[in-house]
Amino acid sequence: MSNIYIFFFLDSCMKYMRDGSVIVARLLKGEEFIESVKSLCEKEDFSSGRVQAIGAVKRAVLGYFDTEEKKYVHFECKGELASCMGNIAKKGDDIVVHVHAVVSDREGTCKGGHIVQAETSATVEVFIDVVPGLKRALDAETGLYLLDL
Amino acid sequence: MSNIYIFFFLDSCMKYMRDGSVIVARLLKGEEFIESVKSLCEKEDFSSGRVQAIGAVKRAVLGYFDTEEKKYVHFECKGELASCMGNIAKKGDDIVVHVHAVVSDREGTCKGGHIVQAETSATVEVFIDVVPGLKRALDAETGLYLLDL
Amino acid sequence: MSNIYIFFFLDSCMKYMRDGSVIVARLLKGEEFIESVKSLCEKEDFSSGRVQAIGAVKRAVLGYFDTEEKKYVHFECKGELASCMGNIAKKGDDIVVHVHAVVSDREGTCKGGHIVQAETSATVEVFIDVVPGLKRALDAETGLYLLDL
């Protein structure tokens, strides 16, 4: 019953700079947001931090968590990445990039939710603060991997 | 003429960690956002900073300030906390948590405004930067307690 | 074919404080957001950083970049500045303040996009992190000045 989304992305080739614990990256046209941030974690050897971004996306899948059915409902949108914020944390050997966004269209109408996937249009400008120690663990009640602090 | 909202919240029992001037907290189901941040100020002995959060809220009261009538109009919403940012400052002996949010529903439709109250659903993940020295003072023209810098 | 917007603003007289690389500013009624941030760059002698703000705007012009026609479409809105984030970078001898916002009205309805101009209503509270080294260069494909990292 769930929709299937097929994306073809560029290999990660975003540009970035680092100044201490702050990383600034620019994603190139076609790069996917979540995978690009994960790729940056590998390149810069960190797995935990805070994320903020603006830019534009030509195709994004956002999610809404249905707390009754304990699953995500997905929908698509595109346009300006009007707001984008969240965090990076370890989940076992994997890295979870948990980011929420507001995407706005030509009339300014907004769609908001959890970023499942988002493909860069003209540009996405990302700020990351490396903050050590964030990890996630399964929460039995919600079925979600929540921050384990 | 103003609406009355009655909330019953859990006592504050959020999980958090601190790394220098950065605090990361996870609010538990049922915890109220504004009171939880205030509680964190007490626990960690600070009264001034910057706030950013994402997550989900099962019931939020947002406000819009009517500059003509010099009062807040309130409305309710719930869903993903798509965006949430603001600041913490002293107001006399009290602490003001001034945060604006965008809350999105199952279709991604967004409601935005000033957070009056917001009850955590599955999770709310909060980043705070402790920045010293912020306080508020009454502004005669607007009737609001504005940042006194 | 493009709309003309005429604004009359106060000379910049915002209040601010600085703590290391963090600047907190409060814009006064009538002050324009982009020009005020640029003015702060001059006063505090920096040209590169990250921006976050909340508050209220009595008139904002937001933009949507049409990637087909390679130009911005503009529209107006006003109300709560529910979300506002972006960055500051050099473009030759000039400074570019690239910020996206979500503005919400009395019912909470949101309009999002790139801030072209935004006039402060009751208050706008701005946090800036000075991050050195950001600059922009013309990107031939999009016709935009993108971050040159």
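Assorted remarks:
Letters are used for the chains, namely A, B and C, taken in the order the chains are written, and counting of residues starts over at 1 for each.
In the analysis below, a contact is a pair of C-beta atoms (placed from the backbone, for glycine too) under 8 Å apart; a residue touches a chain by one contact, two chains touch by 3 or more.
Keep in mind the model is a prediction, meaning the values are calculated, not measured.
Under the stated contact rule, the graph of chain-to-chain touches is complete, every pair of chains being in contact.
Copies chain A and chain B of the same sequence differ in orientation by 120 degrees, per CA superposition (steps of 5).
Annotation: the chain A:chain C pair of sequence copies touches via predominantly different residues, less than half of the used numbers being shared. Chain A and chain C have centres, each the mean of its CA atoms, that are 23 Å apart. Touching two or more other chains at once are residues 52, 83, 85, 102, 110 of chain C. Contacts from chain A toward chain C in the complex involve residues 15-17, 19, 22, 24-26, 29, 52, 54, 56, 58, 79-85, 102-110, 121-123, 125, 127.
Chain A meets chain B in the complex at residues 50, 52, 62, 64-67, 73, 75, 77, 83, 85-87, 98-102, 110-114, 129, 131-134, 139, 141-142, 144, 146-149.
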